[in-house]
Amino acid sequence: MSAAVETGPRNALSSRWQNWRRGAYRFRQSTLSIVGLVIVALLIAVALVGPYVVPHPEHVAGGVSTAMRFRPPSAQFWFGTNELGQDVFSLVVAGSRISLLAGLAVVVIAAIFGTLIGAVAGYFGRWVDEALMRFTDLMLTLPSLILAMAIAAALGPGIGNMVFAIAMSWWPGFARLVRGEVMAKKEEVFVQAARALGAGAPRILMRHILPNVISPIIVKMSLDMGFAILTVASLGFVGIGVKPPTPEWGSLLSLARGYMPDYWWTAIFPGMAIFLAVFGFNLLGDGLRDVLDPKARR
Amino acid sequence: MALLEIRNLHLAMRSFEGEAHVLNGIDLKVDTGEIWGVVGETGCGKSLTGLSISRLVPTPPARYLAGEILFEGRDLLAASEAEMRALRGRRIGMIFQDPTTNLNPVFRIGDQMVDVALHAGHADPAVLGLDRRASGRARRKAARALAVRMLERVGIPDAARRVDDYPHQFSGGMRQRVLIAMALIGKPDLLIADEPTTALDVSVQAQILRLIHDLVVEDGLTVVMITHNLGVVAQLCTHVAVMYAGNIVEAGPVRPVFKNPGHPYTRALMAAVPTAGTKRGELAGLPGIVPSLFKPPPGCRFATRCAHATAACDLGAPAMRELSPGHSVACVLAGEI
Amino acid sequence: MVLRIEGVTKLYPARGGGVTALRDVTLNVVARESFGLVGESGSGKTTLTRCILGLEPITEGRIVYDGVDLATLSAAEMRRMRSRIQIVFQDPYASLNPRMSAHDIIEEPMVIHRATLGLNARQRTERVAELLQLVGLGEQHLWRFPHEFSGGQRQRIGIARALAVNPELLILDEPTSALDVSVQAQVLNLLHDLQRRFALTYLFISHDLGVIRYICDHVALIYRGEIVEEGDTETIFTAPKSDYARMLLAAMPEPDPDKSPFARAG
């Protein structure tokens, strides 16, 4: 607020930019959020350029060198080598791409589908709500990993099927969240105001309610990213999903479990990568929660 | 010695836009038995002043630049967090605006009050009427009896039964009474009430004001009441401090300040309240907005909106001048307009 | 007589009998006048506004606007009627969508009622700028979001939104109770000004008797869903007949220390 001469933003875009900078400021106030952001940025950078710069691209492509099996971490092999003599560092770096992409795909599909179901159920209520939410509950009662395994078994293994399978077990969380948020927002005065103006359901839902529930959705997406990567890894671990030689953190960990504890490095490093991803996305999600809350924007 | 004395308190608050100087040299002296009303527009710093007394302003983002808050001569800003915890709830009680959000909905009000009483009893066993060696069970029993007594004191009918009710079973006015009872359970000497009646109906407001008045007269309580309602101040308070943009611009006993306001801001506030004689369309609003506290005006902070402002107003912050005993005004034209 | 509320009863059914929010309420709002409705929380005043706006069905009675019983209107006719009756809400912090700019908020009613108004996008933006000017804001505020405004400025946006479709009746639901007195005075003066310029009829809901006395020609007091007293403003303030009116008047804190009910030192 300035006194005499006020110059306002010229359009909604520059005003949004201002909001964004304000959010970034609040984000910076939290060290942990920054740590989360740095970890996530690092992971994305690794996923983008990693496969091109790894020291042993031939191992990523499936090449083996049995002469160098189970070498402990050294200057030559930073994370050591595995039972096929492959460089674990190269595999972990290359695996980040598939793990992150699969996690992201799971979360995005689940968020879109869940938001659709949740918004319709929450806004229209009554029997629509009953029907949709009972269906959602049904999906929730099925253990996600089992469901994913069943779908993967029915459709056959492969990344696409695995992502679809996990997303199908993932959306009920989003549906429940969005339904609750929509029901709460439906009672807000500004929604009442829109109804008093004569606005119809599509306008109220699209213009007034959904833009105001997008923040918790984004936060949940970020928080879920870690767990989605973990689930992708779990499916890799039990042998559904990505098949060797394609490197993926879960399957790397799965193959290594037989060689614990003697050749600990084959398991520790993919495990660390999974841990780092889950940790980073969770911290980022917590930070985003603070930034995106419009009430705190005063 | 005054019960509470704030001396030259400066508080800065960091945010995205920069650091705002939100309290700019607050001086306030409160004696035992007085009821002070602190009034002013939103953002003038009145709530921060109240929170500073219990040292509940989070630092950072806030930062005390200078000043002292003396409670019985002891500087609260220099006190340790442990000392402050002992003071809060025991010597200094607080109540806030919205009675719905300050009670935990999942606990019985009795249990919440017992917690406060035990905390106060920990700081000073005399509160519970027990000595230090009393058993936990005896303390709990005494705390519960005290909770019932306090609920009776604030006028909750059938207190012995209602002590086991949950917050949602009380009406807004009754909840505010519960909060007052809770604030008073440690038998504090000073009660800080931040807009305690704003969320309530006028009829309930009148009851709460009567209750606070009775507590002062009968139990020797001292009150600092933060409000934007001039009517409430005129009814209840013995003294008033008018705040504007982080400064106290006028302070003194209620009658001279209300009958003979010396600061243009105080006059403007009073003129903005519609009364019986106000003709439609002739209510005097206060034009302009509160100046930015990131770059406050060099002199008097009210000069940008003041009808009487002259070049002299920009020269420096006007000092408090006494118009009549106890009634002082921070305006270069004090007594002339 | 532009708005007649005839024997309106509103029952919220519930187990064990339900709640009667309004009981046989009858009011007559005269065109171009300000009608004050005074009541405390739970008195039913908010329910009544929701019934008038057609957001809630009524159990019994009739709400007649300009000779038309609102209950007989089809959905499309009710939509058109909504452009003639507008509302300004109490809490300017809650009644504006935090994700929409001032421009979008004020433009929205014109978009919804574009069939009636027939304005294209450019004309609408021009009208938004005009409306902002009307309520004492400027073009520099066009693209800001609600959180960038003060409470008083937000309420001005709320008023501009209500005026966007050229309504005849404005329901003002405690429009100043969340504002500072200095800002309240500005908003009250603005409302008075707008009423004269556009020949508006006000249904002014408040619990602040000082504000009601200042702005209203007629007053009705509502208590637990029933009208307990109704009449000319000055008569009610100077010669109240009901106990409820007397109690409210006595409880109203006047900013005059000499009228304090407490005997105090100092």
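We call the chains A, B and C, going by the order they appear; numbering starts again at 1 in every chain.
What we mean here is this: contacts are C-beta pairs under 8 Å (C-beta built on N, C-alpha and C of every residue); 3 or more make two chains touch, one makes a residue touch a chain.
In this text, all values refer to a predicted model and were calculated from it rather than measured experimentally.
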item	value
Distance-maximising chain from chain B - centres being C-alpha averages	A
Highest C-beta pair count, chain pair	B-C
Between chain B and chain C, centroid-to-centroid distance (C-alpha), Å	32
Rounded Å distance between chain A and chain C, as computed from the means of their C-alpha atoms	46
Chain C: positions in contact with at least two other chains	150
Chain B residues counted as touching two or more neighbouring chains	289
Contacts with two or more other chains, residues of chain A listed in rising order	1
Touch list for chain A against partner chain B, complex	1-4, 21-22, 25-26, 29
Complex contacts: residues of chain C adjacent to chain B	40-41, 150-151, 180-186, 188-189, 192-193, 207-211, 213-215, 237, 247-248, 250-262, 264-266
Residues of chain B that touch chain A when the two form their complex	15-16, 61, 288-292, 295, 297, 304
Residues on chain C engaged by chain A in the complex (per definition of touch)	53, 55, 78-79, 82-83, 86-87, 89-91, 94-101, 103-104, 108-109, 112-113, 138-145, 147-148, 150, 158, 161, 165
Complex contact set, residues of chain A against chain C	1, 6-12, 14-15, 19, 188-190, 192-199, 203, 207-208, 211-212, 294-295, 297-298
